[in-house]
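Heads up, the next two complexes both have chain A, just with different partners, chain B and then chain C.
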Partner chain A sequence: MTHTLLLLVVVLLASMIAGLVRVVRGPTASDRMLAAQLMGTTGVAVILLLSEATSRPALLDVALVFALLAAVTGIAFVQRYQAMETGE
Partner chain B sequence: MNSLLWILDITLCGSLIWLACQTLATADLFKAIVLFIMLGLVMALAWARLDAPDIALAEAAIGAGLTGALLLSTLAAITKPPAPRTPSEKTEVDA
Partner chain C sequence: MSILDITSIVLIATGCLFFIAGSVGMLRLPDVFTRLHATTKADNVGLGLLVMGLLLRSGSIFIASKLVLIWMLVLVAGATTCHLIARSAVRRGERPWSKR
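Our next item is the complex of A and B:
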(Lines of atoms letter the chains of each structure in order from A and count residues from 1; the text may use other names and numbers.)
(Lines give C-alpha, C1' and ligand atoms only; values in the text may rest on other atoms or scores of the structure.)
Protein backbone atom coordinates (compact mmCIF):
# COMPACT_ATOMS: atom_id res chain seq x y z
CA MET A 1 0.00 0.00 0.00
CA THR A 2 2.73 2.42 0.99
CA HIS A 3 4.61 1.45 -2.14
CA THR A 4 1.61 2.28 -4.32
CA LEU A 5 1.14 5.64 -2.62
CA LEU A 6 4.81 6.54 -3.09
CA LEU A 7 4.61 5.51 -6.73
CA LEU A 8 1.64 7.84 -7.15
CA VAL A 9 3.62 10.64 -5.47
CA VAL A 10 6.44 10.17 -7.97
CA VAL A 11 3.97 10.22 -10.88
CA LEU A 12 2.31 13.39 -9.59
CA LEU A 13 5.70 15.02 -9.10
CA ALA A 14 6.56 14.17 -12.71
CA SER A 15 3.35 15.86 -13.79
CA MET A 16 4.36 18.93 -11.77
CA ILE A 17 7.67 19.03 -13.64
CA ALA A 18 5.72 18.82 -16.90
CA GLY A 19 3.65 21.79 -15.75
CA LEU A 20 6.87 23.74 -15.19
CA VAL A 21 7.51 23.59 -18.93
CA ARG A 22 4.33 25.58 -19.49
CA VAL A 23 5.39 28.13 -16.89
CA VAL A 24 8.69 28.67 -18.68
CA ARG A 25 7.42 28.58 -22.28
CA GLY A 26 3.82 29.78 -21.96
CA PRO A 27 3.28 32.67 -24.35
CA THR A 28 0.74 34.65 -22.31
CA ALA A 29 0.54 35.57 -18.64
CA SER A 30 -2.64 33.51 -18.23
CA ASP A 31 -0.88 30.34 -19.40
CA ARG A 32 1.79 30.80 -16.78
CA MET A 33 -0.65 31.58 -14.00
CA LEU A 34 -2.91 28.63 -14.86
CA ALA A 35 0.07 26.29 -14.85
CA ALA A 36 0.92 27.65 -11.41
CA GLN A 37 -2.62 26.97 -10.22
CA LEU A 38 -2.46 23.43 -11.61
CA MET A 39 0.77 22.86 -9.76
CA GLY A 40 -0.76 24.14 -6.54
CA THR A 41 -3.55 21.59 -6.90
CA THR A 42 -1.08 18.82 -7.69
CA GLY A 43 0.96 19.90 -4.68
CA VAL A 44 -2.07 19.34 -2.43
CA ALA A 45 -2.42 15.82 -3.81
CA VAL A 46 1.30 15.13 -3.35
CA ILE A 47 1.22 16.28 0.28
CA LEU A 48 -1.92 14.27 1.08
CA LEU A 49 -0.40 11.09 -0.41
CA LEU A 50 2.89 11.75 1.36
CA SER A 51 1.13 12.20 4.69
CA GLU A 52 -0.68 8.89 4.17
CA ALA A 53 2.41 7.02 2.99
CA THR A 54 4.69 8.19 5.81
CA SER A 55 1.80 8.27 8.37
CA ARG A 56 2.28 11.90 9.38
CA PRO A 57 -1.11 13.48 10.02
CA ALA A 58 0.49 16.89 10.66
CA LEU A 59 1.05 17.23 6.91
CA LEU A 60 -2.72 17.51 6.37
CA ASP A 61 -2.59 21.09 7.67
CA VAL A 62 0.08 21.91 5.10
CA ALA A 63 -2.21 20.60 2.36
CA LEU A 64 -4.99 22.82 3.68
CA VAL A 65 -2.79 25.94 3.54
CA PHE A 66 -1.61 24.94 0.04
CA ALA A 67 -5.19 24.80 -1.21
CA LEU A 68 -6.03 28.13 0.43
CA LEU A 69 -3.01 30.06 -0.78
CA ALA A 70 -3.19 28.81 -4.37
CA ALA A 71 -6.59 30.51 -4.49
CA VAL A 72 -5.12 33.73 -3.08
CA THR A 73 -2.51 34.02 -5.86
CA GLY A 74 -5.23 33.25 -8.41
CA ILE A 75 -7.42 36.03 -7.05
CA ALA A 76 -4.50 38.47 -6.99
CA PHE A 77 -3.83 37.67 -10.66
CA VAL A 78 -7.44 37.98 -11.80
CA GLN A 79 -7.80 41.27 -9.98
CA ARG A 80 -4.93 42.75 -11.99
CA TYR A 81 -5.50 40.72 -15.16
CA GLN A 82 -6.20 43.72 -17.37
CA ALA A 83 -3.02 45.53 -16.37
CA MET A 84 -0.95 42.36 -16.83
CA GLU A 85 -2.15 41.59 -20.34
CA THR A 86 -1.78 45.14 -21.63
CA GLY A 87 1.52 45.60 -19.82
CA GLU A 88 3.18 42.77 -21.73
CA MET B 1 10.01 1.82 -1.29
CA ASN B 2 13.46 3.14 -0.49
CA SER B 3 14.32 3.65 -4.15
CA LEU B 4 11.05 5.49 -4.70
CA LEU B 5 11.88 7.85 -1.84
CA TRP B 6 15.29 8.41 -3.42
CA ILE B 7 13.68 9.26 -6.76
CA LEU B 8 11.34 11.65 -4.94
CA ASP B 9 14.15 13.41 -3.12
CA ILE B 10 16.36 13.71 -6.18
CA THR B 11 13.50 15.10 -8.25
CA LEU B 12 12.70 17.64 -5.55
CA CYS B 13 16.33 18.74 -5.22
CA GLY B 14 16.85 18.96 -8.96
CA SER B 15 13.71 20.94 -9.63
CA LEU B 16 14.49 23.28 -6.71
CA ILE B 17 17.91 24.14 -8.08
CA TRP B 18 16.59 24.48 -11.62
CA LEU B 19 13.74 26.72 -10.47
CA ALA B 20 16.10 28.92 -8.47
CA CYS B 21 18.40 29.37 -11.50
CA GLN B 22 15.44 30.11 -13.80
CA THR B 23 13.95 32.60 -11.33
CA LEU B 24 17.19 34.52 -11.12
CA ALA B 25 18.01 34.36 -14.82
CA THR B 26 14.72 35.28 -16.46
CA ALA B 27 14.26 38.81 -17.74
CA ASP B 28 10.45 38.85 -17.86
CA LEU B 29 9.22 40.08 -14.48
CA PHE B 30 5.87 38.30 -14.54
CA LYS B 31 7.53 35.02 -15.46
CA ALA B 32 10.00 35.52 -12.62
CA ILE B 33 7.13 36.02 -10.16
CA VAL B 34 5.33 32.86 -11.28
CA LEU B 35 8.60 30.93 -11.07
CA PHE B 36 9.10 32.32 -7.57
CA ILE B 37 5.65 31.05 -6.56
CA MET B 38 6.57 27.66 -8.01
CA LEU B 39 9.83 27.73 -6.06
CA GLY B 40 7.85 28.33 -2.87
CA LEU B 41 5.53 25.41 -3.62
CA VAL B 42 8.35 22.97 -4.34
CA MET B 43 10.24 24.26 -1.30
CA ALA B 44 7.17 23.57 0.87
CA LEU B 45 7.05 20.04 -0.56
CA ALA B 46 10.72 19.62 0.30
CA TRP B 47 10.11 20.77 3.89
CA ALA B 48 7.19 18.37 4.15
CA ARG B 49 9.45 15.59 2.91
CA LEU B 50 12.04 16.59 5.54
CA ASP B 51 9.48 15.98 8.34
CA ALA B 52 9.09 19.67 9.11
CA PRO B 53 5.36 20.31 8.66
CA ASP B 54 5.36 23.63 10.49
CA ILE B 55 8.09 25.10 8.29
CA ALA B 56 6.27 23.74 5.24
CA LEU B 57 3.16 25.51 6.51
CA ALA B 58 4.98 28.82 6.88
CA GLU B 59 6.68 28.43 3.50
CA ALA B 60 3.39 27.70 1.71
CA ALA B 61 1.58 30.55 3.47
CA ILE B 62 4.22 33.29 3.38
CA GLY B 63 6.70 32.23 0.69
CA ALA B 64 4.33 31.06 -2.01
CA GLY B 65 0.94 32.57 -1.22
CA LEU B 66 1.31 35.95 0.42
CA THR B 67 4.55 37.07 -1.23
CA GLY B 68 3.32 35.87 -4.61
CA ALA B 69 0.10 37.84 -4.33
CA LEU B 70 1.96 40.95 -3.13
CA LEU B 71 4.51 40.71 -5.96
CA LEU B 72 1.76 40.31 -8.56
CA SER B 73 0.01 43.36 -7.16
CA THR B 74 3.24 45.36 -7.21
CA LEU B 75 4.01 44.36 -10.80
CA ALA B 76 0.56 45.47 -11.93
CA ALA B 77 1.06 48.79 -10.12
CA ILE B 78 4.45 49.52 -11.72
CA THR B 79 3.76 48.32 -15.27
CA LYS B 80 0.65 50.41 -15.89
CA PRO B 81 0.19 53.76 -14.15
CA PRO B 82 -3.49 54.36 -13.39
CA ALA B 83 -4.90 56.28 -16.34
CA PRO B 84 -7.80 58.65 -15.75
CA ARG B 85 -10.86 57.08 -17.35
CA THR B 86 -13.80 59.38 -17.84
CA PRO B 87 -16.99 57.94 -19.38
CA SER B 88 -16.40 59.75 -22.69
CA GLU B 89 -12.90 58.27 -23.02
CA LYS B 90 -14.27 54.84 -22.31
CA THR B 91 -16.78 55.01 -25.14
CA GLU B 92 -14.02 56.25 -27.45
CA VAL B 93 -11.88 53.24 -26.65
CA ASP B 94 -14.81 50.86 -27.04
CA ALA B 95 -15.75 52.35 -30.42
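Our next item is the complex of A and C:
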Protein backbone atom coordinates (compact mmCIF):
# COMPACT_ATOMS: atom_id res chain seq x y z
CA MET A 1 0.00 0.00 0.00
CA THR A 2 2.76 2.43 1.01
CA HIS A 3 4.72 1.55 -2.11
CA THR A 4 1.70 2.17 -4.33
CA LEU A 5 1.19 5.59 -2.75
CA LEU A 6 4.87 6.48 -3.22
CA LEU A 7 4.69 5.39 -6.86
CA LEU A 8 1.70 7.70 -7.36
CA VAL A 9 3.70 10.52 -5.73
CA VAL A 10 6.42 9.99 -8.33
CA VAL A 11 3.79 10.07 -11.11
CA LEU A 12 2.42 13.37 -9.76
CA LEU A 13 5.92 14.85 -9.54
CA ALA A 14 6.52 13.88 -13.19
CA SER A 15 3.31 15.64 -14.21
CA MET A 16 4.46 18.69 -12.22
CA ILE A 17 7.72 18.77 -14.19
CA ALA A 18 5.73 18.56 -17.43
CA GLY A 19 3.69 21.56 -16.27
CA LEU A 20 6.94 23.42 -15.62
CA VAL A 21 7.52 23.54 -19.39
CA ARG A 22 4.53 25.88 -19.67
CA VAL A 23 6.00 28.18 -17.02
CA VAL A 24 9.21 28.44 -19.07
CA ARG A 25 7.60 28.78 -22.50
CA GLY A 26 4.19 30.36 -21.83
CA PRO A 27 3.74 33.35 -24.16
CA THR A 28 1.94 35.59 -21.63
CA ALA A 29 2.27 36.10 -17.89
CA SER A 30 -1.26 34.70 -17.41
CA ASP A 31 -0.14 31.37 -18.89
CA ARG A 32 2.75 31.22 -16.45
CA MET A 33 0.49 32.05 -13.52
CA LEU A 34 -2.02 29.36 -14.53
CA ALA A 35 0.74 26.76 -14.75
CA ALA A 36 1.96 27.85 -11.32
CA GLN A 37 -1.57 27.41 -9.96
CA LEU A 38 -1.71 23.88 -11.38
CA MET A 39 1.65 23.11 -9.79
CA GLY A 40 0.37 24.44 -6.47
CA THR A 41 -2.61 22.09 -6.55
CA THR A 42 -0.39 19.18 -7.57
CA GLY A 43 1.91 20.06 -4.68
CA VAL A 44 -1.03 19.85 -2.27
CA ALA A 45 -1.90 16.43 -3.69
CA VAL A 46 1.70 15.23 -3.31
CA ILE A 47 1.80 16.34 0.33
CA LEU A 48 -1.54 14.64 1.09
CA LEU A 49 -0.26 11.37 -0.39
CA LEU A 50 3.05 11.65 1.48
CA SER A 51 1.24 12.28 4.75
CA GLU A 52 -0.73 9.06 4.23
CA ALA A 53 2.27 7.04 3.04
CA THR A 54 4.53 8.03 5.94
CA SER A 55 1.59 8.24 8.42
CA ARG A 56 2.47 11.78 9.56
CA PRO A 57 -0.79 13.67 10.06
CA ALA A 58 1.13 16.92 10.71
CA LEU A 59 1.80 17.17 6.96
CA LEU A 60 -1.91 17.92 6.49
CA ASP A 61 -1.30 21.34 8.04
CA VAL A 62 1.43 21.96 5.47
CA ALA A 63 -1.03 21.11 2.70
CA LEU A 64 -3.55 23.50 4.25
CA VAL A 65 -1.01 26.35 4.20
CA PHE A 66 -0.06 25.52 0.59
CA ALA A 67 -3.72 25.72 -0.45
CA LEU A 68 -4.10 29.08 1.30
CA LEU A 69 -0.93 30.53 -0.26
CA ALA A 70 -1.96 29.39 -3.75
CA ALA A 71 -5.06 31.59 -3.51
CA VAL A 72 -3.04 34.55 -2.24
CA THR A 73 -0.48 34.29 -5.08
CA GLY A 74 -3.17 34.33 -7.76
CA ILE A 75 -4.91 37.37 -6.30
CA ALA A 76 -1.61 39.20 -5.75
CA PHE A 77 -0.62 38.53 -9.38
CA VAL A 78 -3.84 40.02 -10.75
CA GLN A 79 -3.64 43.05 -8.43
CA ARG A 80 -0.02 43.77 -9.34
CA TYR A 81 -0.62 43.33 -13.05
CA GLN A 82 -3.53 45.77 -13.09
CA ALA A 83 -1.55 48.28 -11.03
CA MET A 84 1.28 48.08 -13.60
CA GLU A 85 -1.23 48.65 -16.44
CA THR A 86 -2.70 51.82 -14.95
CA GLY A 87 0.76 53.06 -13.94
CA GLU A 88 0.14 53.31 -10.21
CA MET B 1 -5.36 -6.27 0.61
CA SER B 2 -8.88 -5.56 1.74
CA ILE B 3 -11.68 -4.25 -0.45
CA LEU B 4 -11.35 -0.86 1.28
CA ASP B 5 -7.70 -0.60 0.27
CA ILE B 6 -8.48 -1.50 -3.33
CA THR B 7 -11.30 1.06 -3.53
CA SER B 8 -9.15 3.81 -2.10
CA ILE B 9 -6.23 3.00 -4.42
CA VAL B 10 -8.54 3.03 -7.44
CA LEU B 11 -9.95 6.42 -6.39
CA ILE B 12 -6.48 7.90 -5.78
CA ALA B 13 -5.13 6.55 -9.09
CA THR B 14 -8.11 8.02 -10.97
CA GLY B 15 -7.42 11.36 -9.28
CA CYS B 16 -3.78 11.18 -10.40
CA LEU B 17 -5.02 10.51 -13.95
CA PHE B 18 -6.90 13.81 -13.84
CA PHE B 19 -3.74 15.58 -12.68
CA ILE B 20 -1.86 14.12 -15.66
CA ALA B 21 -4.72 15.24 -17.93
CA GLY B 22 -4.37 18.73 -16.46
CA SER B 23 -0.65 18.83 -17.23
CA VAL B 24 -1.18 17.52 -20.76
CA GLY B 25 -3.90 20.11 -21.33
CA MET B 26 -1.61 22.83 -19.99
CA LEU B 27 0.95 21.88 -22.64
CA ARG B 28 -1.33 21.13 -25.58
CA LEU B 29 -4.16 23.69 -25.46
CA PRO B 30 -3.72 26.83 -27.58
CA ASP B 31 -4.42 29.89 -25.38
CA VAL B 32 -5.08 31.17 -21.84
CA PHE B 33 -8.83 30.69 -21.92
CA THR B 34 -8.66 27.07 -23.00
CA ARG B 35 -5.85 26.38 -20.53
CA LEU B 36 -8.18 27.49 -17.73
CA HIS B 37 -10.03 24.21 -18.34
CA ALA B 38 -6.86 22.18 -17.75
CA THR B 39 -6.21 23.77 -14.34
CA THR B 40 -9.76 23.55 -13.07
CA LYS B 41 -10.11 19.88 -14.01
CA ALA B 42 -7.08 19.00 -11.92
CA ASP B 43 -8.27 21.23 -9.05
CA ASN B 44 -11.83 19.99 -8.83
CA VAL B 45 -12.00 16.37 -9.95
CA GLY B 46 -8.39 15.28 -9.47
CA LEU B 47 -7.97 16.51 -5.92
CA GLY B 48 -11.60 15.56 -5.14
CA LEU B 49 -11.07 11.89 -6.07
CA LEU B 50 -7.72 11.85 -4.28
CA VAL B 51 -9.25 13.24 -1.07
CA MET B 52 -12.12 10.74 -1.37
CA GLY B 53 -9.63 7.90 -1.63
CA LEU B 54 -7.70 9.17 1.40
CA LEU B 55 -10.93 9.65 3.38
CA LEU B 56 -11.54 5.89 3.19
CA ARG B 57 -8.18 5.29 4.87
CA SER B 58 -8.25 8.13 7.43
CA GLY B 59 -8.69 6.76 10.91
CA SER B 60 -10.28 9.66 12.75
CA ILE B 61 -13.04 12.16 12.04
CA PHE B 62 -10.54 14.94 12.78
CA ILE B 63 -8.22 13.97 9.92
CA ALA B 64 -11.18 13.34 7.63
CA SER B 65 -12.64 16.78 8.23
CA LYS B 66 -9.23 18.37 7.68
CA LEU B 67 -8.94 16.59 4.31
CA VAL B 68 -12.37 17.85 3.27
CA LEU B 69 -11.40 21.36 4.43
CA ILE B 70 -8.28 21.31 2.25
CA TRP B 71 -10.32 20.25 -0.77
CA MET B 72 -12.92 22.96 -0.17
CA LEU B 73 -10.17 25.58 0.17
CA VAL B 74 -8.58 24.50 -3.12
CA LEU B 75 -12.00 24.55 -4.81
CA VAL B 76 -12.77 28.12 -3.71
CA ALA B 77 -9.22 29.35 -4.41
CA GLY B 78 -9.11 27.71 -7.84
CA ALA B 79 -12.46 29.08 -8.94
CA THR B 80 -11.63 32.61 -7.74
CA THR B 81 -8.13 32.85 -9.20
CA CYS B 82 -9.17 31.32 -12.55
CA HIS B 83 -11.95 33.88 -12.85
CA LEU B 84 -9.60 36.75 -11.96
CA ILE B 85 -6.86 35.62 -14.35
CA ALA B 86 -9.35 35.24 -17.21
CA ARG B 87 -10.78 38.71 -16.55
CA SER B 88 -7.35 40.35 -16.44
CA ALA B 89 -6.45 38.59 -19.72
CA VAL B 90 -9.62 39.93 -21.37
CA ARG B 91 -8.90 43.45 -20.09
CA ARG B 92 -5.42 43.31 -21.54
CA GLY B 93 -7.08 42.67 -24.89
CA GLU B 94 -6.12 39.05 -25.42
CA ARG B 95 -8.25 37.46 -28.11
CA PRO B 96 -9.71 34.00 -27.55
CA TRP B 97 -8.27 31.35 -29.87
CA SER B 98 -10.35 30.49 -32.94
CA LYS B 99 -9.88 28.20 -35.92
CA ARG B 100 -9.25 30.25 -39.01
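Convention: the second predicted complex is superposed on the first by the 80 of 88 C-alpha atoms of A that agree within 3 Å, B and C clash if a C-alpha of one lies under 4 Å from a C-alpha of the other, contacts with A are read in each partner's own complex, and residues count from 1 in each chain.
Here is the rule we go by: a residue touches a chain if its C-beta (ideal position, glycine included) is under 8 Å from a C-beta of that chain, and two chains touch if they have at least 3 such contacts.
Values in this document were obtained by computation on a predicted structure and should not be read as measured data.
In this overlay on chain A, chain B fits alongside chain C without clashing. In the superposition on chain A, contact of A:21 is made with chain C only, not with chain B.
When the shared chain is aligned, chain B and chain C each come close enough to touch A:77. Looking at the shared chain after the overlay, A:3 reaches chain B, while chain C stays out of its contact range.
Residue contacts after overlaying the shared chain place A:33 against chain B and chain C alike.
Look at A:11: by the touch rule set out above, it reaches chain C but stays clear of chain B. In the superposed pair of complexes, A:48 makes contact with chain C only, with no contact to chain B. Once both structures are overlaid on their shared chain A, chain B and chain C have a minimum Cα-Cα separation of 11 Å.
Common to the chain B and chain C contact sets on chain A are residues 16, 33, 35, 68, 70, 75, 77.
Residue ranges on chain C touching chain A, taken from their complex, read 1, 5, 9, 12-13, 15-16, 19-20, 22-24, 26-27, 32, 35-36, 38-39, 42-43, 46-47, 50-51, 54, 57, 63, 66-67, 69-70, 73-74, 76-78, 80-82, 84-85, 87-89, 91-92, 94. Across the complex, chain A meets chain B through its residues 2-3, 6-7, 9-10, 13-14, 16-17, 20, 23-24, 29, 32-33, 35-36, 39-40, 43, 46-47, 50-51, 56, 58-59, 61-62, 65-66, 68-70, 72-73, 75-77, 79-80, 83-84, 86-88. Of all residues in chain B, those touching chain A in their complex are 1, 4-5, 7-8, 11-12, 15, 19, 22, 30-31, 34-35, 37-38, 41-42, 44-45, 48-49, 51, 53-54, 56-57, 60-61, 64-66, 68-70, 72-73, 75-76, 79-80. Those residues of chain A whose C-beta lies close enough to touch chain C in the complex are 1, 4-5, 8, 11-12, 15-16, 18-19, 21-22, 28, 30-31, 33-35, 37-38, 41-42, 44-45, 48-49, 52, 57, 60, 63-64, 67-68, 70-71, 74-75, 77-78, 81-82, 85.
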